[in-house]
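What follows is a pair of complexes built around chain A, which joins chain B in one and chain C in the other.
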Partner chain A sequence: MGGSAGVFLRNLNQERIVLVVALAVFVAAMVGLPGFLTAGNLIAIVRSIAVLGILAFGMSVVIIGRGIDLSMVAVMAMSVAWYLQLLGDGMPDYQAFALVLGGVLAIGLVNGFLVAYADVPAIFVTLASGSFVFGYVRSQLISSDAVPVPDGHWVELLGGLRFLGVPVEVYLFLALAALVFVFLRFTVWGRYVYYAGDNPVAARNIGIPVRPMLLLRYALSAVTAFLAGLLTAASLHSINTRVVNSTLLYDIVLVAVIGGIGLSGGKGGVRNVLVGAALIGILLNAMTIIDIPLLYQNLIKSTILLAAIIVDGLLNPRDEQTAQQGDI
Partner chain B sequence: MKLRERLQAWRYNLVPDHLIGEILTKRWTDNAIPFLALIITVATFGSIIPGFFQLYSLQESTRQLGEFSLVVIGLTVVMLGGGIDLAVGSIFALSAFSAVATFFILEQPVWVALLASLATGLAFGAVNGYLIGFLRLRAFITTLVTFIIGRALYDILIVAHGSKIQMSFVSSDTWDFIGDGTFLGISVPIWSAIVLAVVTHVALTRSRPGWHVLAVGGSRRSAHNAGIQVRLTVFFTYVFSGLCSALAGFLIATRLSGAGPGTGGGLEILALTAAVVGGNSLGGGRGSVVKGLMGAIIVLVLTNGLIRLGYGTGTNQMVLGILLAVAVTIDIRWLKNRHKVLNEVYVAPVYLRMGEPQSAVPGSGTPYALNNKLSEAEHIGLGELEGPEDVILDRNDNLYCGTRHGEIIRFFAPDYTRSEVFAHIGGFPLGLAFDADGNLITCVGAMGLYAISPDGKVTRLSAETARSWTSVNDDARLRDPNDLDIAQDGKIYFTDSTKRYDAHDWALDSIENRGTGRLLVYDPADGSTKTLLDGYRYTNGVCMAHDNKSLFFSESWRCRIHRYWLEGPKAGTAECVIKDMPGYTDNINRASDGTYWMAWLGMRTPSFDLSLRHPSMRKRMTRRLPQDEWLFPNINTGGVVKFDENFNIVRTMADLSGVSHPMVTSMREHKGELFIGGILNNRIGRFRIEGADPTWDANTAYWGTRT
Partner chain C sequence: MKPIKTFLAAAVVAATALAALPANAADPAPAAYAAALKDKRVLLVPMAMGFDLAQGWAAILKHEVEAFGGVFETRDPNWSVEAGAQAITEAIASDPKPDVLVVMSPDLNSYSKLMKRAQKAGIYVLLVDNPANFKADAYLGSDWTELGRLEAEAVVKGCGPDSSKKIGLVQGDQVNATSLFQYAGIMEVLEKYPDFEVVAKPDSNWDATTSRNVTTTMLQQHPEICGVIDFWDGDATGAAAAIRDAGKQEQVFLVTTGGGEKTADCDRIADGTYGAVVMTELKQESYNMVTMIKYLLQSGQPAGTSSAYIYTLLHATTKDNMMPDSCWDLKALQEMAGN
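The block that comes next holds the complex of A and B.
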């Protein structure tokens, strides 16, 4: 092993591969697709991945801590739908907002509680709670699939805000990226997320509050989902609860996993999400420009996700010694 | 005080608390909660929904149930193997599409459509199996993604070919019969579900591949170490699940004669909920087809019931979400805490007021007064032995004993310094006896009755007796065979001390003090084992009387000796001959002068006697205190007593220093010497008996002289 080629190969990891692929796709699209490299389209790309990226931040924090949150999309859509329904029913804004935020936090805490204290695998807890959140809000709290934003409400105004010609959610996305970066890199609790994800038992043995931290992570991801939901409603002026049945959830996992955040926990960070989001954003945009039907896009995305999971499985093989019974 | 004690006695001796613990040890209790849920669900919806139980309504809903059960059976098998298959919904939909496409568009016969369905399921299942079995990806996330891929494929196909299927005019009687007809009043889906359920159940419980699946799910690593091909087994569970879903997809295709965008939607969470609600464990290894079926019925009745009652969109998802979360949580908590619950409730002490004993205090002047005689014993095998419960000598004066390591050690005469492993048995050999042909017969703790030929060959004689009709615990198994003796006709009489605890848990048995000890007989003529007596508190030593007309056996926790008549007017009955001894009785053996030696494993203490009158206290003690702080029979001072034919105590010996023989479980007289064993001791004692017949040996006394 010698020379710069050796150094390059040794430093080759999933994040860099994906970055290279993303750049390659970008260049290819730039050359091959007319209208790709316009300011309008580039902003559209960033905008399209802003919400996805925000959701992916919430998901990443949970995944780094060796968990997964399959209830995010349900929480995202249903919390905002409920909020808008309450507003439509004439409830004062601050009251409705507090109520919904309380509900969102409650779901996050229940998820965290069942994972942390009842030892139920995260994947089952959040699958069940996602189903419950959708079913409960849809059948008990709102009256139709889509709930519009009331005229003149701040959510509607938020959607129209521009700064230097860039939509405000892009800034929010970048701000959140900085926030999550600082949290994971420079705060004690952020480091704890990695320790707990890398080896929960050892983390607990050295005195890290592993279980309360789990509650915190699921609460964080629920609140992130709520924020993403608000931004979605802001740009579309309504929220459609059918998004729960779409593949959005898998797009979130795709962004996290393809950026190099291993599903076995303890690995990755904000940079991985940014890289993953960039690749997915460019791909989706390119596919839309080429005019691939949505159904085929789903097929392509899910196949990429499968490939990413296979690569993840090969790079981070499950450790049969520390894998827990029922950890499936 | 008196009344209170009597009430306690009634409370603890008449209420069968112990049954709760025994029932909880049964694996079928896992089925109890799902079964109860099933009854409640069916009863509730049956009474709310008008016409629920009418034939037509049942036939319609059972078609759906049959298809759903097929899917759940497949998922159950995957879960038993430690995985999960969320792709069932996609496989189901794609197979249904294969069937209708083959039948309506390609206009092929029904059996080709069936084959196309199954091939689809096989291929899809094989992909899942390869990814999870061989590439060892995480089952949940992987099948979730293949589910999305399958769904996307199905959506593309149904958009492209849906209209062609609807416009086709192909028809077939077979197709219609499968989708619409009944055989013996039962629809085809139900027949398929029944057949598949029976076959799968038999395969899982009674065939090698089925056991492999359960072993892999129970413990992957152990299964691998046992030589099972773990990856291949996992692979085949997914293939099986794929085939099951494919068959279900074929059936729905015939029933609906088409496939729409909604086919198989939400099936993954329905099937998952059904499998878990039925009681199949997530980690694998625990569960059954029956559980899957119960879950299928519960979930289907519930969701269909809610729809028929007119609850709006989302209600089903809400209920399924709650059901899934609750079932998974119960499953995990139950699996984790089952043994704790069991430990809490299993020990169910009873009340006993022990009779006042004669004093055994040294110098008290009673026949039981202990002395320091046994401390004079020389030692054999000091430090080499662990746990010589019983000792015995053969005609050539060689000495045998069992050890904790599952071996029988032979010490060579005359000085007993050389030894060898005479036989390896594997369990802890307790009581020993020579039969007429010089075979060594032994009671092996937790294993049964074994014979060792003079050249060291081990044969099992008996490991079980007839099961009693009222037993909850399997009392056919010999749980704690303890001591034996052999009658002149060759029948082997032996004791099984308890039916409720394993041999090493004897302390718990003493704390519980429930009479479950037995006297049994093994007949070498026909190899049968029969229970003669039952209900004693820890039956222990057995010894044939000198005249061979009766035998003596000891009841340890009651400090009694009983006589069981083999012939004469009282044949087949037992009577208590010595009661309220001051020590816990153990092995009994013949003495040269026509009397009997008997060992005390320990002396009674007033504190434990008192605790026997307070069962609630003992129950609290076992629940709340760590084991080494329990109050249980004293085993630090035992001894040897000698009683005659009239049950007078002739002699008492002990080692008050506690150095050589603190506890004594056996003693054997041989040519003027007494050889002493103790189950917690590290030596055999050798003690010269003054005035004893120096030529007497038990083999001659039992079986006459021989060369």
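The block that comes next holds the complex of A and C.
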């Protein structure tokens, strides 16, 4: 291959491939679907992926540090369900909130502790803690799958908040994107996340506090999950813990990975999450407008994702230099 | 000695005569009833124990079964088809086996073979709420096609003759009998109203957030929609959120279906979230189960002999016809059962 086309192809990494696919779908929908390119629909697209994107930010910080947090969806649903149940039982708001936030932080710290100090692989720790959180809260702390937000509570009001006609979760999503961007790019601990993810042993040898940072990352992802849960409850006026059984967890990992954040750690950033979320959001919205049944939607979604991964594999083959230990 | 003997004989005669008197007659039925039902085991395997219908059934069944001296147990598969299958398999193999298995099937086929095996092992199988391809000793629950018809009638009425007559459906999925039959019922009625049109029919996969997203898109693509039918109140909170966000509560009449629990349905009708909810009469449905359990255990017939359909009467409840007792209160019911 030669010339500019060759250079273009060689520079195509997964992130760019997904971006190109997302743009292609966007243009196709713009041309083919009359109601697609309206302000209302574009806002709806961003909003539909806001909660997913927020969860993906939390997940990305963990993944970049060469970990994974499979307890996020359980923490998201169960923390908010517990909070709402406490409110429903008449506990003062600040007390209930402090209690739940404490619980959420505790789960994150326990996850981090087991990974950092007990050396248990993150995938097992968080899988188990997720199940524990769901089982414990569901059986001991709440009385049914769906817990309503009390009438007139601030969570309900939050769901109705609009600035310039745009729902509040869109702003929170963008604010969090900026925050995570600044953290990863410009703070010392943010840079350390990459070093620790790329080569934990070397990072430790040069004096980076690898283990305390692990605690921090899992605590961050747990708090992010709590925020995502609050936004979900704000919009729906209730939280249904059944979401723990859904494919949401895979979608979070998918958004992060499809955008180009390697599961082996050390690479990627906010941009990758945005690209991955954009593809999923545009794709689902276009298919809903065309009224494609869910079964076919899943088929189309997975085919496009698979194609992107295959193209990436062909253009950027793995070899001894690019492969890493711990790569999944 | 003789007078004593005579006295005793007289006493025996008198006692026999008295025993035969109607006033002291013992009704043999309670003894037979107790003998047939005492220590009988009833096992409820719903799709999950965490939602209103299952909790309502369980409360009433527990109350009744324990009252006749039986043993009532539940298993909670928590929406997992595999966990439910395992619960049924273990029940068949356990000792003592349950005498009656009350199963809510997740779809048409998953448990069919297992339930047949249970019947072969001598266990009566009652199918509740979700139909399956299986000859249960009785099916107790809704006629889902009829339920769809009632929803369609409700939305036609809710939209009114001067509306846009454009309707959106938020289906559950494409595999569950409840979703498929409901759809068939809706379409059947809409054929009678040719000027009404279904403009979109996305699936929610029974998830509230998905329901919100697809309804948002639907309302943007078809701003003139006058009515939406969401196939379950478990996810209709999402469709309701989308309508609320679009500021269209006055314009869009939202119809859904549910178990008639107060906070899930009646409170939402009262505050205008739902225009109409086609409800199952939970108490009646549960007492139908109780009746079938009592009947089957005394019938002496082998499991799998009968295959009755006991449909529960369905109502489209709206603000106009809602009564204080239209809904049932989960908390009150659980207190009654001593949970």
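Operating definition for what follows: the second predicted complex is superposed on the first by the 284 of 328 C-alpha atoms of A that agree within 3 Å, B and C clash if a C-alpha of one lies under 4 Å from a C-alpha of the other, contacts with A are read in each partner's own complex, and residues count from 1 in each chain.
Here is the rule we go by: a residue touches a chain if its C-beta (ideal position, glycine included) is under 8 Å from a C-beta of that chain, and two chains touch if they have at least 3 such contacts.
Because the structure is a prediction, the values reported are computed rather than measured.
Once the two structures are overlaid, the count of chain A residues touched is higher for B than for its counterpart among chain B and chain C. Touch criterion met: A:Gly313 reaches chain B, while chain C stays clear of it.
In the superposition on chain A, contact of A:Leu263 is made with chain B only, not with chain C. In the superposition on chain A, A:Leu295 makes contact with both chain B and chain C.
Once chain A of one complex is fitted onto chain A of the other, the partner contacts of A:Leu284 are limited to chain C, with no touch recorded for chain B. By the touch criterion stated above, A:Arg138 is placed in contact with chain B and with chain C alike. Once the two complexes are overlaid on the shared chain, A:Leu236 sits against chain C while remaining clear of chain B.
In the superposed pair of complexes, A:Pro167 makes contact with chain C only, with no contact to chain B. Once the two complexes are laid over each other on the shared chain, residue contacts for A:Ala146 go to chain C alone; chain B is not touched.
Within chain A, the residues touching chain B in one complex and chain C in the other are 138, 145, 295. For chain C in complex with chain A, the touching residues are 48, 50-52, 55, 78-80, 173-174, 200-203, 205-209, 212-214, 216-218, 220-221, 234-235, 237-238, 240-241, 244-245, 263-264, 330. The touching residues of chain B, when paired with chain A in their complex, are 82-84, 131, 135-142, 144-146, 148-149, 151-153, 155-156, 159, 220-221, 269, 272, 281-284, 311-322, 324-325, 328-329, 332-333, 336.
Interface residues of chain A facing chain B in the complex, by the touch rule stated above, are 68, 114, 118-121, 123-125, 127-140, 145, 247, 250, 253, 263, 295-296, 298-299, 302-303, 305-306, 309-310, 313-314, 317-318, 320, 325-326, 328.
Those residues of chain A that touch chain C in the complex are listed here as 35, 38, 40-41, 44, 47-48, 51, 138, 144-146, 148, 159-160, 167, 232, 235-238, 240-243, 245-246, 284-285, 288-289, 291, 293-295.
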